[in-house]
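Common to both upcoming complexes is chain A, partnered first by chain B, then by chain C.
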Partner chain A sequence: MATLTPAAAGQVISPDNSKKRRGPQDRPAIWRWVILLIAGVYFVVPLYAALRFAGLSGFKDVFTTPGFGSSLWLSIRLAAVTWIVSMLLMIPTTVYVHLRMPGLRRLLEGVTILPIVIPPVVLIIGVLQVMPLALRASVWLLALEYVILAMPFAYRALDAGLRAIDVKTLTEAAGSLGAGWLSTMWRVILPNMRTAVTAATILIVALVLGEFTMASLDLKQTFPVWIVLFDQENAQISVAASIFALFVTWVFLMLITVIATRQSRRTGGGEVTLFTVAPQQTIGN
Partner chain B sequence: MTAKANETGATAGVHAPPAAASGSPEGTPVSLRNLTRAFGATKALDGMSLDIAPGELVALLGPSGCGKTTALRIVAGFEYADSGEVLVNGKDVSGVPAARRDMGMVFQSYSLFPNMNALDNVGFGLRMRKTAAAQRRRKAAELLDMVGLSAQAGQYPHQLSGGQQQRVALARALAIEPHVLLLDEPLSALDAKVRLQLREQIRTLQQRLGTTTIFVTHDQEEALSMADRVGVMRDGRLEQVADPSELYSRPATAFVAEFVGTMNRLPGELAGPGTVTVLGVSCAVIGNGGAGSPAIEDGLTSGPVDVLVRPEGLTVAAAEGGNGIVSGRTFLGAITRVAVLLSGDTEVRVDLASAAALAIPPGTSVQVGLPPTPVLVARRQQ
Partner chain C sequence: MADMTDVVTTPGSDTDPGVRRFLSLRNAPKPVRSLARYAGIIPFLAYIAIFLIVPVVAIVIGAFQNPQTNAFTWSNVNTAVHGSYLHGFQQSVILSLIASVIPGVFGLLIAYAIFTARGRGAASLRRVVITASGVFANFGGVPLAFLFIASLGSSALVTGWLSDLGLNIYNLGFSLYDLSGVALVYMYFQIPLMVLIILPALEGLRPAWREAAENMGARSWQYWRYVGGPVLLPSFMSCLIVLFGSALAAYATAEALTTGTIPLTSIQIGTFLNGNVLAGQENVGKALSLGMVVIIAILMVFYVLFQRRAAKWLR
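After this line comes the complex of A and B, so read on.
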């Protein structure tokens, strides 16, 4: 008596049915890993090489090296001032354009992209030509220049944040309840832009802590300038300082992202990203 | 009380409120006087006038772009009128900013502040009025209780459903004890069941509190079921303001007749100023002195016209060699709407009890008739 095979029972068995066949939908996943691996190698190898080069002694000496503390402190202060001025300028501007002049949004996008199109070296030379001596001597001129440099990133982050909320309706709702312009901004708009403001902060801080060209031409010894200058004296310590700066910046940015995402999720907002902000969620009717 | 206004656009009639509005006498009277507003070449409002009695709920109904939302936004203070006045309690508030008008507004899109929970949202207006924190919380809790959301006081908007969000928005608008409550299509984003529940809740609350209310909607069912009076708008003008039953049975214009409810157009022949022959039946004409209402369209004295009849105004029965053939049926519950193709390619819809409609499936030859009751006539549509 013949045994009843699955095929006899009406099932169609393909020869390699037992193996999981790799379909076209799986291929992108493989490529993702390949690209991730290549990118990882691209970033990790230089870091590893730098670590090897700096050695332990480099890290031990970096904190006591003259100029390390003062240049780092200057960069941090510049980042803070740049952030304050950028926020004071960009938040009201973006909110106003969204509310009253939505037709100008495209123009503003074009204008704010200019600092990326124009090389920093051109910007700083132009600025140094026209600025009065008193301002040229001040370190805060750099902060003003950084505001311009950070504008494309700050504007896009804030614009993305405002697109994620119905700013017009929220403003009108607050107005109908008796809130003036300041109250509406402070109690309604700003809290709902927290994610966008955080994204802008991340970008501004990262930009200022790493900017070299402008500071160098402006003859200010910020942290990146100090690293390059000190490299001629002791390359090991200079590389150790670079890695340290990278680590501090990374920790700082991660901290901002995690805190902001946690706060954002509490009120239904999305994860903090740089140019996109997830819209508010709702649970249907 | 119903006025037929603005038909020429040259003069603006004031749609006056009824002598005794159904709302509380504690409400605030509101008058819109000759409001005009243009956006470029488009006239959003073209001399709109309306008087609203204290405690009355008036719905502004009309198709998209008719100007109803513009009118509401002008009352709220979010838009300005090119000319005209908005009188609240007899005072012109045209120059008063929105924040100082004491008007509560519920928006079409969910407008709760995402950074605040339900209780803080409701208390926001009181906070702006510098009400003490304890009192503010107590009152906000009371209002949340009133809309049945006490249990959700601590929840953020994203944790609430759309219907719950609109109820919180309603509580928030009412918390400031507004002179006027403005509702800008607050139900249109909700599903049918929630919409029905919420509209009943809004009406009950509005009547209980006696707050003068303007309600903008494009949904005639909502307008007719909730409002004391309904204003039908077209091209920036009020075509008619009347209570729902009058609007349905005595429309002032052909547009109102066809916009509100379902209306059939049947070819007829006007034999004189007061009599029309339709489907072989001679009927009196509503208007023209016939039944007391104003003429639905000027200048109709004789000749071919369209007769406007509601689906429930026609009769239909199976008949060999009748004047029409059943072309379709739509089951609506207790009644079924039967579509009949008459000779001359005129399609009419007739309401029948669903049980009776079973006897006339599509393809059946039927006789459509009209009882000799007064009918509306309009200019023949090309």
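After this line comes the complex of A and C, so read on.
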């Protein structure tokens, strides 16, 4: 029943709307395309130039260069640990705030913006000073700090995911069926947050596989640090490799939104986007 | 009132565990237990404190310490606000201003363009732009520098195209390796970041307001002047602050692009960590960091004020 309403409203209202409006409907379309065209040129041309300059001929050499395997493996392990800690920390916190303390959402938004504005170069100085020696010597310190760096993106992805579903009703329904807090979380909330969690995962992995500042100042040879060292010998290949990594990350993000939207449509829901709740189809301009 | 509704429900409901839990959930957010409710966010706050706040506080303290004796001194701070370091702060602030206002406006336009797009392909457009933003917002360092060296370096692809059109940008005073060039490169991650952080604010702009304005005969500019603009402005300003901080914090990209030719504070701090330090100046890097923390703290005050203002209209 509930799923019928938005779909029906969309069908009835939107064709009606387009008939009534004549002039204003066309005008915004022009500025929209101008803006998107400029953005397209700005973002695509440098990629094209770099790929043309680098070429793809020596691409295979990357895999056989010394240090490639070990640095990539280190980065992958860091990404895994960062992911686990982030999820254990962020999912319960965001769900809890949504359910019990919605008034704190603004505070959380403010706190999670801090890692963007606090320079990593400043943070790592402090970290290297205050952390116990055992932790400083270990590579896992980086993972624990990457949790902080990933927070702005992870939080925003999870928060948007929670805003898109009615957590309160779901929790109350689960509760009235006899589910406990843990069971509600595991069997009701998490499955509904699948898209948001996947998006957060990909962003965390992308961040860890690309982070250079802290790793290099902590003197750990992660993949991005290795790329820069390697770069001095053969710039082309390393650039091709990082563009390739960028492209793969984007394809994965696209795939999850496409799959999630398809699943959502099948059950009567709407479009699924990351970081934001899709605009309602009913009354647009 | 609440008691009455509880009484009206089926007698004997207490024996049903489901109903009891439902009632307990409904009754949970009572003001009496308000302090206990904070328990749920303690792990999160503790993590932030240990891995973000404590290190920053340690730097602030270190900025006032003599590196040998740990005694209190002003000399680090004094060094940090004079000569080349002062110049570094100035350059950093100018760069961050350029690299936050322009991407801020442009990012807002892109976000609005995709958010209001309707009809066929609108969903795909949103999907492409938002996912690409997620990826590009984290892009930086040597790979990003290379992208622009390959396109806008002195003899690169786009520079060549433009000079074929009779426009030699390097004769016109542009250089990829000065402040304007670095700002242009920063926009590559700043614009996507803006798209991501402004989208939730656009969500709060109710279509009904626009319709109400139009029904009362408002033209498009009047809607923006009297309704949309004032509602969006605080969010827009707080996003600009985030962009400014992000530009100020950037290190790897500037380092890769300029190799230190422009004095930027983040790069100067980096050199202290790399060990190229005069004796007795080991803590000047911390004083420079303190300078950055002070700038950020001032920014965050405005951020909070703007956010509070934004909360009036945008949920």
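Things worth noting here:
Following the convention adopted for this analysis, the second predicted complex is superposed on the first by the 224 of 285 C-alpha atoms of A that agree within 3 Å, B and C clash if a C-alpha of one lies under 4 Å from a C-alpha of the other, contacts with A are read in each partner's own complex, and residues count from 1 in each chain.
By our rule, a contact is a pair of C-beta atoms (placed from the backbone, for glycine too) under 8 Å apart; a residue touches a chain by one contact, two chains touch by 3 or more.
Everything quoted here is computed from the prediction, not taken from an experiment.
Once the two complexes are laid over each other on the shared chain, residue contacts for A:G175 go to chain B and to chain C alike.
Contact with chain B, but none with chain C, is seen for A:P191 once the two complexes are overlaid on the shared chain.
Once the two structures are overlaid, the count of chain A residues touched is higher for C than for its counterpart among chain B and chain C. In the superposed model, A:I165 makes contact with chain B only, not with chain C. By the document's definition of touching, of the two partners only chain B reaches A:S183; chain C does not.
Contacts of A:Y96 after superposition: chain C is touched, whereas chain B is not reached.
With the contact threshold set out at the top, residues 172, 175-178, 180, 280, 282-285 of chain A are in contact with chain B in one structure and with chain C in the other. Chain contact summary for the complex, chain B toward chain A: residues 76-78, 97-105, 107, 109-115, 124-125, 128-129, 156-163, 165, 169, 172-173, 176, 182, 190-191, 194.
Within the complex formed with chain A, the chain C residues making contact are 17-19, 21-22, 24-26, 28-29, 37-38, 40-41, 43-44, 47-48, 51-52, 54-59, 62, 106, 109-110, 113-118, 123, 125-143, 146-148, 150-152, 156-158, 187-188, 191, 193, 196-197, 199-200, 202-203, 207-208, 210-211, 220, 241-242, 244-246, 248-252, 256, 266, 269-270, 272-274, 285-286, 289, 292-293, 296, 299-300, 303-304, 307-308, 311.
On the chain A side of its complex with chain B, the touching residues are 165-166, 169-170, 172-180, 183, 187-188, 191-192, 194, 266-269, 280-285. In the complex of the two chains, the chain A residues touching chain C come out as 14, 24, 28, 31-32, 35-36, 38-39, 42-43, 45-50, 52-54, 89-90, 92-93, 96-97, 100-101, 104, 106, 108-111, 113-127, 129-131, 144-145, 147-148, 153, 156, 160, 171-172, 175-178, 180, 199, 202-203, 206-207, 210, 212-213, 217, 224, 227-228, 231, 235, 238-239, 242-243, 246, 249-250, 253-254, 257-258, 261, 271, 273-280, 282-285.
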